[in-house]
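So, here come the structures, one by one.
The following pair of complexes shares a single chain, subunit A, combined with subunit B in the former and subunit C in the latter.
Presenting the complex of A and B:
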């Protein structure tokens, strides 16, 4: 048992190292991409001896680095949220985009941006988005448990898709009456990392850090879920309380990520799917691995978004949608067969 | 008998003549030929900013119009109060919808003309079943749209007056600022990107009509279109004067636009010579976006002020601080 556990830890360590290396390579590739050709020597200069008035230095330090950071922070939050949701609900198809969290967060951001009940400081936008995510997801949970008293995974997916469509219809209705807000948000609504400047990254960092730390603290309790609810209870875990805590953390992570890079879909589905049998032995290492994988996926998607049709930039969310939808179909098909 | 018959015919011809002369045939911007038995009087507008405002300015007050809904649910005509002084709350114009117009309400009003814009959602095939319908393309600019509307409403004289006023104002501005010597650009921040226009509505029309030059990035945009570029292209948009049409319908107004630019490019002014020289001009979008002579007049004045000569020692401060006036 100890030998097996130590082999498992060693595999996790290797996977984490591999993931970190891939993340570093992708981050370097990302920083090299851009509408303005900048030689590698200037990039080094920008880092080693930054000149405030040199526009190339500004591009590296204030545009490309924050954008790459936004992808890393947003992707990690989406990946971690997806894994938390899947483990807490014991449902491989549970994904923030599918279960309405992204749509709820988008609706909250669009409402606040359009009607401006109060001019919200940037730092509070992630919390408004998180409230929207939690509100809509709460409704999905309530409807999926209606009658049976338990969360049926298939009903959750159906209600998630239905309520996401409803929230998206509300967003469309609001924006169709307000051309300028539509113009302002049209890229963000598909999911776009370009808006994630340094200030935006800093403003959501506390919320994402809080979510990741809380996720780490919850993982040992959630790990017992994989043994079945009755064994989990026998081991002393409070299934209901742990599940609710995991869902609150998921909403916080999703809301923060959506307020930074928009409602980018399927990262939370693809990141855990990259690693086989991860759901059978959820652990702190697995959680960090998935968070890192989410960051890597979003970096890779943004590199393609920047480069595929350069100089025109594609929205990052369009790329994750193209890759994520087949993964979702594959997971459903595997489940059905 | 023959004589009286001839007299009747002549009288009938005299009575009929004005009616025949007043029939109007128009080829609209979709190439459709529309014939009106006489200049329209009961007009329904399917687009507030590009149809209703020009009609009001021409003196052909529409009986109903598309509009927008404010946060409190009250309808309004975008930019109209600013440019014409007229809105739903101080006129007899009926509100017929904020997105697609209510066709039953239009039918009940029995219009003799419906005017729509080429980008509007309601199909022209549905509208023309209710009344003769003309389609305008606002991208072709105010003079073109006004000419079409004036022909349909018999307001050619008013159109000529408005057009000659604009040409005179433009001539005065050109004499003052020599546009061919200056490079100008128009763009807005768009959440981490820059929205750049080949010609942005009224401000674009004035700048093109006056003969200003534009940076190559703007000149390469196809006519009437806009592109979204990375913030990394900011220096490519530098000019003698930069016009940024800010959202004047928001609480924070121009300050929010500056804040949006600052969020994207902290200290952006240092990378733009126009900004460093005090010529980064924030113009209200509610005026700049309108294709009307009222907006063109406002834009001519703004451009002339922005580019006009300055006295020696001239400096600008970010905001007026309030000059203390000594007591008498």
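Presenting the complex of A and C:
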């Protein structure tokens, strides 16, 4: 019996190891890439014994490493958020970008940056973005449950798209009226990992760490969800409380990621889809696997964004959209057949 | 059948007191007064829409009491923490979903959820409980098989094993034998009776097949239009009048030649179709 239960664990361990090695390779490729080729030995040097006067070290430490870190932290948050949302709603198509969380977070960031109702320290910006994400998603949930009292997956997608469009229109209107903000947020708005540098990455770390730990703690309860609501209740899971907690954590992770790298879509959809049948077995290992895969996907997208038309840089969000939209269509098509 | 317990049932574990249960504030079953006695197999019977499943859902706290209460060992069920209830009361709903990609072992292991804490995720005790549940359901050889590759009867046994792994003294099952052929029905019912006789579990199940229920259950509860019509403390008390009244169908009574328990067959149609 021990052998049987550990078979799942070792499979999970192998997947985690695979994911970590891919992540490491992508990180090295990402940092190496750029207008100025820098050998791997110098990279190691820059990290281990940084020299303030060496130009290569400066490039790595203040430009490339922050950008790679932004991809890793933001991608992990997007991946984890997508998985939490899909498991909590028992809907594999639930994706933060499609369901309005990204648009809500963007609107919040643009509002706070433009009108500055309060001067927010950087460390609180992810939480403001999360509030925006939670607010708009709450509206999507309320509208899709209207009349029926159930969260119909198709209605959720419709209302998510409609309210995202509305929020984006508001964002455009605000930005047209405020050119300074537009200048400041232009690249961020299409999804851009170059953004804020090291300081920005540090400022979202607490929020992302909080979200990841909370997500881990929710996994055992969420594992009962795949057996249907009646059995969840019969097994003693607190279904409503767990679902609400999972959605709050989703908003926190998603808002934090958006405040760092902008409203990048489809990472939360692709990261869990990489691993077969992960939604049926939420666990600590599965959650870490999805977070790591999200990080790897965003790193890979950013490598392409930098390299595809070099020296012209593409927005990172365009690349995840190019890869993610077909995945989304494929998942929908598979459901329909 | 000779092993049917002759002793009077000991105590009531689960009690409905003036209970009304329903959906969206609309009561489906009303004024239910019922004791579920320890170490007994109680069958809930009645025509479609009589409220059997709703009553079972009320007993399992899936639906809240609209009036009255369900008492678990004397205290109101609604006052217990849900995890505590899950260690006493197991439930198998009607036609649970087929979990894709889970092995039989994984599925049965989910039954250990109420016994696990945040930090003690998988213990020796969990392992033993899952092993025993698999053995009882005769699934030890299939533990590694994905659930979706099992036959209907095997899949139903896997679900029952999940509920068994929960190690609850009380088991509630909603139509555990529906959609199974006769041999598989008998296998499930034999298993349930074994649980009651040898493991002192208390079983309540909604059954559709009246004659199967008569051969296996210790107590029979007949519902009609959301109310209890008859509670029989032994299947031998069942007669044709009860069946005709509850199911509104003329029947003939027979005796099972081996068990001596009643069996009911629908009367032949009084206007037989013309045969060529």
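One rule holds for everything that comes next: the second predicted complex is superposed on the first by the 327 of 337 C-alpha atoms of A that agree within 3 Å, B and C clash if a C-alpha of one lies under 4 Å from a C-alpha of the other, contacts with A are read in each partner's own complex, and residues count from 1 in each chain.
Definition applied: a contact is a pair of C-beta atoms (placed from the backbone, for glycine too) under 8 Å apart; a residue touches a chain by one contact, two chains touch by 3 or more.
These numbers were taken from a predicted model, which means no experiment stands behind them.
Once the two complexes are overlaid on the shared chain, A:21 sits clear of subunit B and of subunit C alike.
Which of subunit B and subunit C touches more residues of subunit A: that partner is B. Within the superposed three-chain model, A:10 lies out of touch with both subunit B and subunit C [touch as defined at top].
Legend: residue contacts after superposition of the two complexes on their common chain; A:172 is shown touching neither subunit B nor subunit C.
In the superposition on chain A, contact is made by A:277 with subunit C only, not with subunit B. Within the superposed three-chain model, A:53 lies in touch with subunit B and out of touch with subunit C [touch as defined at top].
In the superposition on chain A, the residues of subunit A contacted by subunit B and by subunit C do not overlap at all.
Residue ranges on subunit A touching subunit B, taken from their complex, read 34-36, 52-53, 55, 58-59, 62-63, 67, 115-116, 119, 122, 176-178, 180, 183-185, 187-188, 192-200, 311-313. Looking at the complex, you find that subunit C touches subunit A at residues 57, 60-62, 82-87, 89-93, 96-97, 99-103, 105-107, 109-111, 113-114, 116, 118, 121-122, 127, 130-131, 143-144, 166.
Residue ranges of subunit A in contact with subunit C, taken from their complex: 1-2, 4-5, 7-8, 217, 220, 223-224, 226-228, 230-231, 233-238, 276-277, 280-281. Residues 68-69, 71, 98-99, 190-193, 195, 227-235, 247, 249-252, 263-267, 270-271, 285 of subunit B are the ones that touch subunit A when the two sit in their complex.
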